[in-house]
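Both complexes shown next keep chain A, but they swap its partner, so chain B is in the first and chain C is in the second.
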Partner chain A sequence: MLRYSVKRLLQGLVTVFFIATATFFAMHSVPGDPLASDKALTDRIRANLEAKYGLDQPLMTQYGIFLGNLLQGDFGISYTQENRRVNDIIREHFPVSATLGILAIAFAGLGGVLWGALTALYRNRLPDVLIMLAVILGISVPSFVFAALGQLLLVQVNGALGFSVLPVAGWGTVAHMLVPSLVLGLGTMAYLTRLMRSSMLEIVGSDFVRTAKSKGLPASRIFTHHQLRNAILPVVTVLGPAIAAITTGGFVVEMVFAIPGLGRYFVQAVQQLDYTVIMGTTVFYGAFLVFMVIVVDLLYGWIDPRVRLE
Partner chain B sequence: MAETAFTAEDFQPAAATESAQAVARPSLSYWQDAWIRLKANRRALFSLYLVIGLALFTLVGPLVWTVDPSLQDLDQISQPPGADRHAVVVAPHRPWDGSATGSASLAGPQSSSGGLRLAEAPTTQSVRLAWTPLPDAAGYRLYRNLFPAAEGQALGLPLFEIASLDVRHFEDRLDLKPRTYHYSVVALDAQGRLTGSVRSLEVPVSRVVTAQEAEAMGLVEDAGQLSLGDRIKLRAHPLGTDYLGRDLLARLMAGAQVSLFIGIVAPLLFIAFGVIYGAAAGFLGGWADQALMRFSDFVVALPFLLFMILLRVASGVQPGESGITPMVLAMVLLSWPAAARLVRGQILQIREEGYIGASRLLGGGAPYLVLRHMIPNTLGVILVTMTFAVPTAIFTEAFLSFIGMGVAPPTPSWGSMCNEGIKTMLTTPHELIFPALFISVTVLAFNLLGDGLRDALDARMRSAE
Partner chain C sequence: MAETSNLAGEAAFNRSAARQLALFGLAVLIGLVALMWGLNLLASLTATASGASPAVDAANNAITVMLAEEPPQLDSTRSTDQVSGVVLGHVMEGLLRYDDRGELAPGMAEDWRIDEAGATFHLRADALWSDGQPVTAHDFVFAWRQGLDPENASEYAFILYPIKNAEAVNQGRLPVTELGARAVDERTLAVEFERPIAFFDKLTAFSTYFPVREEFYRATEGRFGADADQLLYNGPFKLSSWVHGQSLQLDRNPHYWDQARIRLDRINVAYITSDPNTRLNLFKDEKIVMTGLTAENLTNALEQRWHIHRHMDGSIFYLEFNHRSGRLTRNHNLRKAMILAQDPGELVYKVTKTPGYLPGESLFPRFLEGIRGKFRDQHPAPTYRMDVQAARDHLERARLELGLDAFPPLVLLSSDSPVSNIQTEYFQAVFKKNLGLDIKIDRQIFKQRLAKMTSGDFDLVLAGWGPDYNDPLTYGDLFASWNLNNRGRYSNPEYDRQVRIAQSAMDAPTRMAAFAEMQRIIHEDVVIIPNYERGVAYVTHPRVKGILRRVVGADTDYTYAWIE
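Our next item is the complex of A and B:
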């Protein structure tokens, strides 16, 4: 287990190193240059700016500096916002995205497990049919459409009632968080529901459930202690990809709901070609996602001892 | 117990012509069998019709609805479907000096309010206003608003200001739409500050065109056919128009070509590459397999959408380019490992099958074995993977275009149309709803088709339903 963990972590580090390298060279192959803005620069100013950002150095030297800074956890200074460090941007905005993401994962996980278990219990009856119909919709509708519809609905509800039940956009209170995180979690919830349903159906026919029944356990106990606990395992395996989906889905939801998270910031930086912010946030997000997948894999081995991690 | 009487005939051998093991049903190939299963699955069949319908919409649609998707109909901007598209033919605009015109027969409650009144019927060509002197005025300022301004609220867009009491008329020709406007005139004091005395007027503007405009837009053959006061119909837009007055139906068709092109070509390419890669790894085995698979593991570990964005930024779409090729390339670069893994696993299994040994024994070489036996036997799985890859690719395209990192304007795609539509979501929701609906229906159709194909083609992957 320990050996496996160390091996996975080392692999993760290599992946992050590659992400950093790919990001660096991708950003430096962009046509145009980072100082080309609407303001005309004199040669003198341009030279000074290039010296400030290290753009006058050869490419490999810049790469070395970039990696060296990265090792010290320094992502550099924004090009479009004077003197703002990328680290500060991440520190300021990532907690917002993380809160949104954790809430969304919680919604998705709880909802997925509950709905999935429910459909399996009511197999081929009305609740099953209705929930599975909703699931198909949830899988087919893009997150930005959910976000837009959610916002539209809020506007209508607030308008009809004459006062603000839940805020339409922005961030700050719990009321701000509810609808965006629900919207963000919907796609994943639908996916998890489907997974939970088939996993649950497999468990329902298994030997240990029959044994539990025959020794006279009440149905509720069989459900919580035998079926649910076993059926939940496959759900844990897809949490890694689910976190990735929710993180990137957050870009869009933060945009639509005007939430000051890192995702919205990243999209803005991409649109404004703020090179250091793009590089910094890409490496940060990349590392985050790579390590989340590793954590989920290790967690799975811990939850289900039958899985041998090697 | 009665004795049975046997005769000699009972001991004759049975006729050799009768076969004991006659095949009762005609033998079916794998694909015939799969087709029968698919036809029995109502959901899958329904999704198949949906996919065919979408293909017709994309390919045949533009031949039927031959409107140019980039043509701007500036008389009908952001019109929802079914909006009134009548216009009255009027004479070309003539300058106005504020004198009363002949058509001052404007009865009705809204034609004048206190001091502010209409000098002529309000049209999209011009709104002519005049007002009687307001108390304590040294000058006037005129506002236009889209809704009635409540007490203390802003009065809207200031159109006109004059520090004189002699001019008490104004002609508004600024970007008029066929809708109701609220005009307000405010008295200014000697220093040019607003005083409290305001007169407001509700003005319903009707749509008009001149005969020359109608001819230029191609609504009539010849301007001479029209006489003043005729009602003519502007261009038809079955699904309405967008914020630049472009026909939404035509744009949806053009967008379908882009979205479905990316959604189908990208999976075709990356699955083809994955199949070759996976087949090579599975067939070669040994260290070559190890090395190839380590590399694919590595590509899998890269965060997909982040790298899609990064590759798009790096490719730097120039003005005039659509950005479709870089997106397809990026998708191929990042998405092939899933197919490669799957095919490798299948090949490893098939390699041990008896018929491969038999074929080898009969002198089949490696390329023959792979092409004739191994890949055809994985085709079912590949087809299912392909069907599920289409909605993912369409989602990716929509996501990237939505955040402005996909197809470059003016090329329409469903994702970029959503991006444009969401800005005016509250006032004209149809601009968002139609492209979103098309994305959802397409993804739904391919997902259901994939489920059906999986059930029909592969017994091992059959879902637990």
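Our next item is the complex of A and C:
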């Protein structure tokens, strides 16, 4: 187990290194000038800015400097927010995205298991049909539509009641988080519901469930210990990437609900060719994704003893 | 029999499982509540809550507003963008300022004298920083040197160029100490000019001219203006908190000299988002006092029966030709054919249909002042009327002059915003239909469009310009041959001569005549095809009065607002 963990972590480091390298060279080959602005720069000012960000060095030297700083955990200074270090941007804004993401994952994971089990139990009956209809909507409608609709609904409800039930946008209390995280988790919840349903159905007809029944085990115990626990495995598998996708993919939701998360900086940095922020956020998110996948793999072994971690 | 019993068993199983599921659901709910409680605790530790206060908080004499973006920084010597300009306009003050009627008024300087050689400003005795120390002439000298120091790499350094030796300092040819601005004593600032300038008083209201206290600047060790406590304030408000990407709180500055004119105690910037629908929703929910309207949500606003205001923000948009040698667009007849083949009125009223826009006629927008009245009223812009036949004649002449069998496709460079997409498609359609010209649209992200504009990699480009100061020269010198922002490299000695007159003449009639001449040359030479002047439609909270929209300086300006 320990050897396996160490091995996976080392592999993860190599993966992050490749992510960093690929992003670095891809970013520098994107057409456009990171220093370009509305006002034309004089040669002297341009030269000073290039020196400040090391752009006057050959690309391979820049890459070397970048790797050196990366080893020290320093991503440098942002191009657009000239007085802020990229590390500070990540440190200040990632907790916001993470909070939103954790709540969204909680909604998605728990809701997905619940609805999935329910549809399996009531297969081909009304609850199943209704929930599966909602699932199709949840999977096919993009989150920005849900975000806009959710906000509009809040405005209408607040307006109709004459007081603020939940804030329309902003950040700071759990009331601010409720709707955005639900919206953010909706797609994943729908996906997990479908996954859970088919996995449950598969297991209902399996040998061990029949054996358990014939042994005369109480139905409730069969359900929790034999069906749910086995059916939940595929859900756990996709949870790792889903956590990463949700914490990194909150850009639109963050925009609509005016949430100061890292997703905004992630996307805007690419639009503005803010080299240091692009590298910082990509490497950070890359490492995060790799780490989550490892964690899920380790969890897997704990949930299902049949899986041997070697 | 066996079958029925089996079914009954199944139903019993289902009931039991459903009960388990319900229990599970309950546990989920409890877990979620616990999780949210935990997160709430966590959030309350890390940040202040936004959106707690309503749009109008009469008890605390406070209003809540939003910003479209996070200010990249609040170092006035380096700031370039509009959002920073809005915040700086509330918390800082220059020698002069624009008052509640949009007129130039005394700021840190209580009186001043400007002549051809230079200017002298006398600072008021009660000009104080937010820590209670006096604002001195040294603070201005330091800020201006800082703005010009090539090491500081300020993109707005050029706006300080009227000061003697400023350009040489900025290019590293002279040390900053050679700048023609010095503190005669604590309260007297003497400025020498590079050449006579008629509008220096207006420039002193611009943010690059704001004072910075040297000792404080040095103490921040390169983080000046990065956080609320990394900045000193001398304006009507001071920044009490700044949570990046989320909120700013502006409180009345008790050390500001003109307390009587300031009626609000607090301005909360509680939301930062560029989503126009979010802004509208927040306004509907009475969470913010002002919001701009886009074409999409204008109808929605009309249904609410709100009173809609309009503001021309001074930005002009146009098609700029590439005048570099070797480009087909260098040919005058081709340019003339193209301007005759389109109609800005059609573009604005039938194609883009954005509320508040006006068809473009001139490089000089309508708000500019002439002599006792608007410049454009005294010097109406000559315009072309759309004339397809004449356009085709010019095109034929151009073809012969250029010795072409047929015109190759022309490259139209543009950014990827929704409005410019519509615009490029309009031009592609009219030039094809009326002239048979093929237009190849080159859509690029903002930074790449600028890079291509600078390198000259285009035939036509959708461009725009906003004013830096309230004088026609901010538009006029755009097409001077030496101006780096003249990305089409238009070069005309007569035009340059007129720009020089406008730069250094002191009397208004001479200057206005020069601008009228520039307007005529731009028109006759078809340097650009004017598209539109930008206007914005917006709504304000009925209880909040005195919200100002400005063409230069902080837009929107809440400095003089009050709650009724």
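The rule we apply is simple: the second predicted complex is superposed on the first by the 296 of 310 C-alpha atoms of A that agree within 3 Å, B and C clash if a C-alpha of one lies under 4 Å from a C-alpha of the other, contacts with A are read in each partner's own complex, and residues count from 1 in each chain.
Everything that follows uses one rule, which is that a residue touches a chain if its C-beta (ideal position, glycine included) is under 8 Å from a C-beta of that chain, and two chains touch if they have at least 3 such contacts.
Bear in mind the structure is a predicted one, so any value in this text is a computation, not a measurement.
Novice: Clash or fit: what happens to chain B and chain C when chain A is overlaid?
Specialist: Clash - chain B and chain C, as placed by superposing on chain A, overlap.
Novice: Applying the touch criterion given at the start, work out whether A:224 contacts chain B, chain C, both or neither, answering first, second, both or neither.
Specialist: Once the two structures are laid over each other on A, A:224 reaches chain C alone.
Novice: I'd like to know which partner A:72 touches here: chain B for first, chain C for second, both or neither.
Specialist: The answer is neither, since A:72 touches no partner chain.
Novice: Residues of chain A touched by chain B versus by chain C: which partner has the larger set?
Specialist: Residues of chain A touched, chain B against chain C: more for C.
Novice: One more residue to check, A:214. First (chain B), second (chain C), both or neither?
Specialist: In the superposition, A:214 contacts neither chain B nor chain C.
Novice: One more residue to check, A:255. First (chain B), second (chain C), both or neither?
Specialist: The answer is both, since A:255 touches chain B and chain C.
Novice: Considering only touches as defined above, state whether A:267 meets chain B (first), chain C (second), both or neither.
Specialist: In the superposition, A:267 touches chain B alone.
Novice: First (chain B), second (chain C), both or neither: which does A:140 touch?
Specialist: first
Novice: For A:151, select first, second, both or neither according to whether it touches chain B, chain C, the two together, or no partner.
Specialist: Both chain B and chain C are touched by A:151.
Novice: Between chain B (first) and chain C (second), which does A:102 come into contact with in this model arrangement: first, second, both, or neither?
Specialist: second
Novice: So which chain C segment collides with chain B once the two are superposed: 21-29, 147-155, 435-443 or 471-479?
Specialist: 435-443
Novice: Once the complexes are superposed, what residues of chain A are shared between the chain B interface and the chain C interface?
Specialist: The answer is residues 31-32, 148, 151-152, 155, 255-256, 271, 273 of chain A.
Novice: Which residues of chain B touch chain A in the complex?
Specialist: Listed in rising order, the residues are 298, 301-307, 309-311, 313-314, 316, 318, 391, 395, 398-399, 402-405, 418, 422, 425-426, 429, 432, 436, 439-441, 443-444, 447-448, 463-465.
Novice: Tell me, which parts of chain A touch chain C in their complex?
Specialist: 31-34, 36-42, 44-45, 48-49, 52, 80-84, 89, 92-93, 95-96, 99, 102-103, 106-107, 110-111, 113-114, 117-118, 121-122, 148, 151-152, 154-155, 158-159, 164, 167-174, 176-178, 218-220, 222-224, 227-228, 255-261, 264-265, 271-273
Novice: Would you tell me which residues of chain C are touching chain A in their complex?
Specialist: 12-14, 16-21, 24-25, 28, 31-32, 35-37, 39-40, 42-44, 46-52, 66, 70, 72-73, 75, 78, 80, 150-151, 153-158, 170-172, 222-226, 230, 243-246, 270-275, 277-278, 281-282, 284-285, 287, 444-448, 450-451, 454, 483-485, 487
Novice: Help me check something: in the complex, which residues belonging to chain A touch chain B?
Specialist: The touching residues are 11-12, 15, 18-19, 22-23, 26-27, 29-32, 136-137, 139-145, 148, 151-152, 155, 198, 201-202, 244, 248, 251-252, 255-256, 267, 270-271, 273, 278, 282, 285-286, 289-290, 293.
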